[in-house]
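What follows is chain A paired twice: with chain B in the first complex and chain C in the second.
And now, the complex of A and B:
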């Protein structure tokens, strides 16, 4: 029962928290000294970045399970995670340059974190293209790509430590003053609930679609043995 | 009812050589009396703010206002894109769901048909 309504509940909770988080960000948060008002993009850009990486990891792990056990649920989880990783990744890759243009004066500096994030997004896009348009045996190739995408995640995380980048280091979020933290949590919570709610709905749809396909095959087989035309 | 606009009809020109009674009254009031001389002058120039300084402050304020307006444009674009992406994915899911429901109805009809 709880499992059935969990995605809807998550979406509902997110719909309540979203306006609250926006009110906190715009009405209660002080304007950052050096970046000004453009800093307010941070409150959704960073959670979207984290979610892109999380979705890539979930997709990679589910794809590995799918490869090993040929599980229908793992396949659905991998595809749903990839779709949401694609959406969140696109969000990061579009809001990042907007913020960069406002603060650095340049939308794209081509630093290691930007390039590795763009690479991850392209891997996810390739995975989705193969899953949606590839021939019947291409699921294994897609799973390999998903695992490759998951391997890219630590590279994105440590890019700011390994190379000289325009992005701030990983410690910057931890060192935020309490007023900014208080606005960051609701935004993160809202976007997390929204993403997982949508993911739950998508998994349910994919499992149902697979079951429907199997049911159609069974109906066709039955009608073929009965000698009637299934069409 | 009192008139809203002041009466702008010109006063008749005074006779040459004679002073108009109204002007004479004004001249009388403008002449400093003994009482007025004893009251200190209340006018004092604003100290510490030069015109140049005020202009500089106004210029900085205008630069800051332009920066805030530009920043807000960036913020609106960023937030708009984020919510549009999620809304787009929600619409995609809703359409998929409608297609699945139609497929399920077709299967139900197929199963119920021969029976």
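And now, the complex of A and C:
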């Protein structure tokens, strides 16, 4: 019962927390001195960045389980995670240049993390293209792609440390003043709840669609055996 | 030992087939020359200090495109005669298939870079440090190509085994191999700029290669014939019992 309504509950909770977090971000936190209002992007950009990485990892792990056990649920989890990773990644890539323009004077600096995030997003997009438009049997190929995509995540993290970068280091998040932290957490919570709620709904929908297909095939087979037309 | 013997036999068969026509080697070498000509036309007039940034890009973009062409041609032969399917149902270790195909693609790619690297050194004066440190350059090119081939072989084989169109290979291959190519770009630039820590990049490249080769070899069988133990035969059995996809 709890499992049945958990995604709806998460979306409902997100709908309640999100306006509160927006109010905290825009009304309760001070305007940053150098970046001005553009700093508010931080509260959306960072959670979406984290979620893009998380979804890529979830997609990779689910794809590995799908390959190993031929699990319908794992296949659905991988696809749902990729779709949400795609949306979150798009959010990161759209908000990042606004931040960059305010901070560095130009929207795209070719910075290592910008490039790597764009790259991870391209891998997720390629996975979705293969899943949706690939030929028959391409699910396994897409799963391999997702696993490689997940392996890219630590390489991306390492790239930030390896290459000279203009991007804020990961320590910047930890050095925020308490007032900003207080506004950051509700926003992160709302985005997390919304993402996982949507993911739960999408997984359920994909599993049901697959079960429906299988039921249709079974009925068609039975009708064909009995010599009657299934339609 | 059995695995090594199978790899050797499959590799010899591939090489024998290639020696009969030199199709893949010649097309890849010609494409390398075309890529060089294009880079010479577009970037040849750059000042030497700008060439330090342009040459790594020219080299590894060429490797990416030539590699894509090579992998496509290597597996096209299998697709035309449906021989990959025959290999997969035969009593051959799937890893042997992966490593033999990867070795062929690597050899062809290395031959293409044997055209590319000297060509770039001639065209771009900024690439001269590559000639001054030939061992470093050779090791870097080898490690870079190994990483590329490790990823490419898996997905080219996956497409050849199914009914996938080759156009999908570029879609999969280029986003996935860009991290390796980025490492290569940084290593090449460090070499050209005589960076004191340039040697450390070779170690990093090798580490990335190990990850990619292990992952590629491990995923080869599940991606081509499905996991869950037992491969194609087990999958066929499950399908016959009506349990596919569960």
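FYI, the second predicted complex is superposed on the first by the 230 of 231 C-alpha atoms of A that agree within 3 Å, B and C clash if a C-alpha of one lies under 4 Å from a C-alpha of the other, contacts with A are read in each partner's own complex, and residues count from 1 in each chain.
Everything that follows uses one rule, which is that contacts are C-beta pairs under 8 Å (C-beta built on N, C-alpha and C of every residue); 3 or more make two chains touch, one makes a residue touch a chain.
Only a predicted model underlies this, so the values are computations on that prediction, with no experimental measurement involved.
Q: Are chain B and chain C a fit on chain A, or do they clash, once the structures share the same frame?
A: Because the two structures are overlaid on the shared chain, the partners are seen to fit without clashing.
Q: Does chain B (first) or chain C (second) touch A:99, or do both, or does neither?
A: first
Q: Of the two partner chains, chain B (first) and chain C (second), which one does A:122 touch, if any: first, second, both, or neither?
A: Touch status of A:122: second partner only.
Q: Now for A:145: first (chain B), second (chain C), both, or neither, which partner does it touch?
A: In the superposition, A:145 touches chain C alone.
Q: With both structures superposed on the shared chain, find the angle between the C-alpha centres of chain B and chain C as seen from the C-alpha centre of chain A, to the nearest 10 degrees.
A: In the superposed model, the angle at chain A is 130 degrees.
Q: A:212 in the overlay: touching chain B, chain C, both, or neither? Say first, second, both or neither.
A: A:212 sits against chain B, while chain C stays out of touch.
Q: In the overlay, answer first, second, both or neither for which of chain B and chain C A:79 touches.
A: Neither chain B nor chain C is touched by A:79.
Q: On the A-aligned overlay, A:135 touches which partner chain: chain B = first, chain C = second, or both, or neither?
A: Touch status of A:135: second partner only.
Q: Check the superposed model and tell me the shortest C-alpha distance between chain B and chain C, rounded to whole Å.
A: Across the overlay, chain B reaches chain C at a minimum of 19 Å between C-alpha atoms.
Q: Residue overlap on chain A between the chain B contact set and the chain C contact set?
A: none
Q: Mind listing the chain B positions that touch chain A in their complex?
A: By the definition above, chain B touches chain A via 67-68, 70-72, 74-75, 77-79, 81-82, 85-86, 88-90, 93, 96-97, 100, 103-104, 107, 110-111, 114.
Q: Quick one: in the complex, what on chain A touches chain C?
A: Chain A residues touching chain C: 67-72, 115-116, 119, 122-123, 125-126, 129-130, 134-138, 140-141, 143-145, 147-149, 151-152, 155-156, 159, 162-163, 210, 214, 218.
Q: State the interface residues of chain C toward chain A in the complex, per the touch definition above.
A: Where chain C meets chain A, its residues are 151, 154-155, 158-159, 161-165, 168, 171-172, 175-176, 178-179, 182, 186, 204, 208, 211, 215, 219, 222-224, 226-228, 238, 242, 244-246.
Q: Enumerate the contact residues on chain A facing chain B in the complex.
A: Touch list, chain A to chain B: 22, 36-38, 40-41, 44-45, 48, 83-84, 87, 90-91, 94-95, 98-99, 101-102, 194, 198, 201-202, 205, 208-209, 212, 215-216, 219, 228, 230.
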